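Next come the structures, one after another.
Presented sequentially are two complexes of chain A, the first with chain B as partner and the second with chain C.
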Partner chain A sequence: MRLDRANIATLSCVLGGAAVLAAMNLLIPAVSPLHVPDFVIAIAGKYLCYAILALAIDLVWGYAGILTLGHAAFFALGGYAMGMYLMREIGARGVYANPTLPDFMVFIGWTHLPWYWYGFSHFWFALAMVMVVPGTLAFVFGWFAFRSRVSGVYLSIITQALTYALMLAFFRNDMGFGGNNGMTDFKDVLGFPLNRESTETGLMLVTATVLSLSFLLARAMIHSRFGKVLIAVRDAEPRTRFLGYRPESYKLVVWTVSAIIAAIGGALYVPQVGIINPSEFAPGNSIEAVIWVAVGGRGTLYGAILGAMLVNLGKTWLTSALPEIWLFAIGGLFIVVTLFLPRGITGLFTTRQPPKGSKQASAATEASMREAAR
Partner chain B sequence: MSEPTLLYLDGVTVSFDGFKALNELSMVLEPGEMRAVIGPNGAGKTTMMDVITGKTRPDQGRIVFGADIDLTKLDEPAIARLGIGRKFQQPTVFETLTVRDNLLLALAGDRSPRFTLWARESADEHAQLDRLLATIRLVQERDRRAAELSHGQKQWLEIGMLLAQDPKLLLIDEPAAGMTDAETAETAELLREINRTRSVVVIDHDMAFVRALGVKITVLDEGCVLAEGSIDAIQDNPHVIEVYLGR
Partner chain C sequence: MLWRGVCVCRRRLWFSMLIAALSAAVPTAPAHAGGDPFAQIAATNFDIVAQGVQALATSGNPRAAAVIDALRDGKLYAWKWPRPDAPLYIRSATGFVDARSGAPVEAPAAINLRRVIVNDSVRAAIATAEGALGLFAKDPAARRTAAEALYQSADPGALSLIERALTNEKNAGVAQVLREAAATALLKSDTGSGSTRIAAVDELATRSDLSARNLLASLHSEPPPVAAAIAGAIHDIDRRLKLWSLVENLYYGVSLGAVLLLAASGLAITFGVMGVINMAHGEMIMTGAYTTFVVQQLVAATMPGLNEFGLLIAVPAAFVVAGGLGIVIERCLIRFLYGRPLETLLATWGLSLVLQQAVRSIFGATNQDVTSPAWMSGSLDVGGLVLTVNRLWIILFALLVLGGLMATLRWGGLGRSIRAVMQNRRMAAVMGIRTPWIDALTFGLGSGIAGMAGVALSQIDNVSPNLGQNYIVDSFIVVVVGGVGNLWGTLFGAVLLGIVDKFVEPFEGAVLAKIIVLVFLILFIQRRPQGLFPLKGRAAEA
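After this line comes the complex of A and B, so read on.
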């Protein structure tokens, strides 16, 4: 019952909040003090994208125990796929007025569109690629990592390596993705001009809807028998093997789904911020996203959404008020949450069984599993 | 009986950095048999469990299950699906799942994500779970998280999970460790009950417990079989006396 309440509360906060903001932006005249200015809509849209990323991370970290420190890579890849569509949409309106080649390609002297840009003038194709490319990468990466039983800190490190490698690759001009400038100067999406306020509001509402649907999908997975196996893998992986389960298949499924969710978040992010560049792959981004989840409360899904919103509100405020202390603040926040709020902010409000007694028990389990895993 | 043996270990050798944990170990288990395996620390008892369940690959030798399945070619999930269940010395249950869900995951059935993503609990599963909960006396605790159970209750839950798997062969590592005399006797009784329908291998070094089981005993020492027979024959065996008492 508590779960259903959480469901309804989360969905009404996300969808209701977005709808109220949108109404106050579009329906209330700008002179009124109740009018929500455009920049608030833009920020809200951005945060909702971050919340999608956080949700994706919580799905693998909170329920399968996979601490990913590279999930922003999938977010950025989704963003790039959308960026490619938006570049093609510019058409001849670019600085060089080339109907097929994006400006940055003309600038580096290319005369032909590379084959991997074919099809991106179609929205449906770009949308498919938003999911297919990061999904495939995640599947291949996960296939090797989970089959070789790479887990824990080693897995975290190679996820960092993954996102770092992608960052270096995308920095190169001859990759054909705009090098270190990335892609920007987008004009419209599906014919709607990106600088019009109704488009901005619409994108924000779409993002809120996608976040809600992702939340429901993640919940459905977690509450299925699949989700129970996943939790079992998180708690005692060797034991699941002796029951006849293959933990690697379970991890692979949830990992790939999570990467696709993150990628969709990235695809929604790019038209709203108007730019995508290789810095989105920076290892620090992925770590920051993990902190959002830790702050909100790992393994709850709604905690991830809350954490992404709150930490980013703090970041927006702090980076304008006291920009030089932001990194210290987020580092400190992570330490405080880890030490004093292991279940995050949502842990303060839920009445789960006290973890005290179970702590000893789980220590014993861990010891015996370690013995078994030797 | 069509099958002459249920499990046949044939010259199994496992070495870790030159140390031979198992040294050409050979052993035969008949269908329906219960066997107690004893031996001093480091005799290779747990390693034997590990090679049977696929956790450790032997360097040499074969392990044949049933008529002709070579277990050394399979991994843990594949061996578990053949019907070999294993209970660890420390009770290992899924702490954050409820007692009932622990049993549900153990119930024999399709183990693939494709199945579990869409699986609905069947009436048959429902009935099986009710029966199991009654057997292991955790009906009241069915919706509590496994983490909240006492040590003894967890042992029972894990045995319940083993039964839910419906294995042909159960491997049980020190089931009586940390138990009172009364609990030990009760556990021996439970194992005998389980043995009515399945084969069981019990590892222990508590002689009183092994005596209570009243089954054929295999004594391991330094990775191979030192002696095999009834409890009385074992206790009179000069080699066994030397290994257990002579140092």
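After this line comes the complex of A and C, so read on.
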């Protein structure tokens, strides 16, 4: 893996920024004007999780040309797996003080823990499920979708249908995931109380690390031979197929990896916001995440991180200052970015390849394909 | 001559026998009340009061209705201490009237008065009595309602009364209900021979609704022949109920299909014909619904006489407003994005957010009240079905819209141009068609139809800024299932999805039905990405 400028700049921004925030929160006394209050740490942790989701979307949209409108489904599934662990961790400290059953199950009159909750009292098991469940779903979904060559807008619409169906399913009480209230009232993770500020800061630092690792993984993937073929699939799928590659396999791998990255983001998100409920599956969330990537600039990876940070900063500020304006702003952002900034903010500062479809672009694609074929 | 005399004699004889039977059936009053129903009602024992109510209702006394109403409303007063003449007073707005004569009386001292209170058995007697009073009303509809009430109450004590009403009844429909009421009353009582009870069971079997079935199922310890008749009747009723519920589900499915068809027709143009992924399609429907609201307000403010027809005025208005908005959107946004479907999707999603917030800022986030004209409310009874009139109108309207759309595309000048541009854009341009303008008009047409759908949906759904979001996913499903660019396919897809949804719903609940439909869509697109009815030939490649 090359440690090029983009890698170093992104990693130093993410890790350095997180470390500075953490230090200014923990080391500087609260009276000092330089002290970073706890809520900033919480918000930063949340944004980092969003950035992981955006990174996952950019991996499939920017490099495989799959516009996913349902990636928040994997994010939320990872969140639910983590939420199940956190629920079991509460133990007998719940309102009903039932040592095995979470409160909401006692409330709807259940007497036994359903079989799919077994094992979630172990952190390692929950961690495995965070990756296995969304990964399996993505693999099965992708297997069917890519093999029957569903692509473009149709694929986007069925990803949206997927997350919509999951949302409706998780709203049902008898699914055993808390119905529309979801899961909340978490007490601690791995023995660290969630309401202590050092835990919050620690989680934020873990999230920053995971984001950096995901970024490095994604970079490694797209700079490998695999990534070259992937870009070829994005730009000229039939031609790649005629050269003897199986585009569906490449897409399936990157799709599954991306889903797992998104799920890990969700798993880190839940302990930091303290709640997971079915509204995380809402199709609007997935589409909003797509616009983060579009704003930052698709197909760059660091653009996705930047976009997620910027748009969410704007959202936090606008929804508190001018709540009326927020939907106008985000809606306008969709329109402006697609019409005037097809390469996002990072596109303003880089003079990369000219837009796809021109002579040079196809020449570049040819070249990368030849390279990959060797 | 002689024969006629005999006949009259016979009829008289029959009548007097009936009267005798009636008086025997009326519960005998306790001795102290002297058979005066008013005195019975003035008693303090609830059972006696109930008997009095019953006796009064069957007595034919012209004051009966007023007294029973007053008793029900808590306006009937009796003397607090026992008195041989047992006076009863009705409190009116101005003072007291005598219950027996209806003449105003001087207000008695409050200390001497006791309000006649009721308990459950008296309340039941009042309900029966009100039914009984209605049985002899002039209006057949009122008699029918009364007969229905008696049927529902299944009170054995009302049997004699029902039979008396039955002899006077000329209206066949009311008589039928009365026979059914008599049958329930008979079956609930312990009287009647085996054969009359079997006849009553048969009578109820022809009615074949859930209440008849429940009544029959509640009968136990009948003699074997009657029990066999009951079992057979229940079996018959169950079979017929099943059939009706099948028809009912079909109707609901078609009705939902009509709603989906309305919502999807516009999308069949913008997405099906033009290939534009318009995520703001639902907001076009919402625009139509809000136009309906504004038109109704305007009509109510300026021409109150036309209130009933505000909805009809709203249809073209919604078409113009939503269509105009569509043309503006095409010129300002969509035309820059042709050939970039993913970008179109994102931009129109953003547009939908902006339109929703705009409506929320103008009209507020709460639901707006769109009224239904009288000619769209009410319901029709067809056999065992209750068809709501507004649903029927919506089915009709959906078919009209689809028919109009097909006719426009087939024969209209604009339709010809649209088809020409769709099939071969460059050739159409060579032939002198201004293709960019046709694009705008096509998009406007699709949006306008979505607006008209909004007028219809305002009748069955909440008019709120989120109205459109509920339909966008379904609309895409319908268009995709039916096959892109194919209006017959859209019709088929809408009705199919509507019926599938309504048939899955009773077994699995509405939410799971939705999930199943979505999973079905996911599998369907993978099996047949071109829809059920893919276009063949040149148009397919265009």
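Convention: the second predicted complex is superposed on the first by the 350 of 374 C-alpha atoms of A that agree within 3 Å, B and C clash if a C-alpha of one lies under 4 Å from a C-alpha of the other, contacts with A are read in each partner's own complex, and residues count from 1 in each chain.
In the analysis below, a contact is a pair of C-beta atoms (placed from the backbone, for glycine too) under 8 Å apart; a residue touches a chain by one contact, two chains touch by 3 or more.
Because the structure is a prediction, the values reported are computed rather than measured.
Enquirer: Quick check for you: in the superposed arrangement, does A:Asp235 touch first (chain B), second (chain C), both or neither?
Expert: First partner only.
Enquirer: Quick check for you: in the superposed arrangement, does A:Gly244 touch first (chain B), second (chain C), both or neither?
Expert: first
Enquirer: For A:Gly152, select first, second, both or neither according to whether it touches chain B, chain C, the two together, or no partner.
Expert: In the superposition, A:Gly152 contacts chain C only.
Enquirer: Would you check which partner chain A:Leu67 touches, where first means chain B only, second means chain C only, and both and neither mean what they say?
Expert: It touches chain C, and chain B stays clear.
Enquirer: After superposition on the shared chain, which partner residues are touched by A:Ile330: those of chain B (first), chain C (second), both, or neither?
Expert: second
Enquirer: Under the stated touch criterion, which partner chain does A:Thr338 make contact with: chain B (first), chain C (second), both, or neither?
Expert: second
Enquirer: Scan A:Tyr164 for contacts with chain B and chain C and give back first, second, both or neither.
Expert: The second partner, chain C, only.
Enquirer: Which positions of chain A sit in both the chain B and the chain C interface?
Expert: Of chain A, no residue contacts chain B in one complex and chain C in the other.
Enquirer: Within their complex, state which residues of chain A touch chain B.
Expert: Those in contact with chain B are residues 221, 224-226, 228-229, 231-232, 235-236, 238-246, 249-250, 253, 353, 357-358, 361-362, 364-365, 367-369, 371-372.
Enquirer: Would you mind writing out the residues of chain C in touch with chain A in their complex?
Expert: 277, 333, 336-337, 341-347, 349-358, 360-361, 473, 476-477, 480, 511-512, 514-515, 518-519, 521-523, 525-527, 529
Enquirer: Please output the residues of chain A touching chain C within their complex, sorted ascending.
Expert: Chain A reaches chain C through residues 67, 69, 141, 144-145, 148-150, 152-154, 156-158, 160-162, 164-165, 168-169, 171-172, 283, 287, 290-291, 294, 324, 326-328, 330-335, 337-339, 342.
Enquirer: Under the touch definition given earlier, write down the residues of chain B that touch chain A in their complex.
Expert: Residues of chain B touching chain A: 53, 55, 75-77, 80-81, 85-86, 88-97, 101, 104-106, 111-113, 116-119, 145, 147-148, 154, 161, 165.
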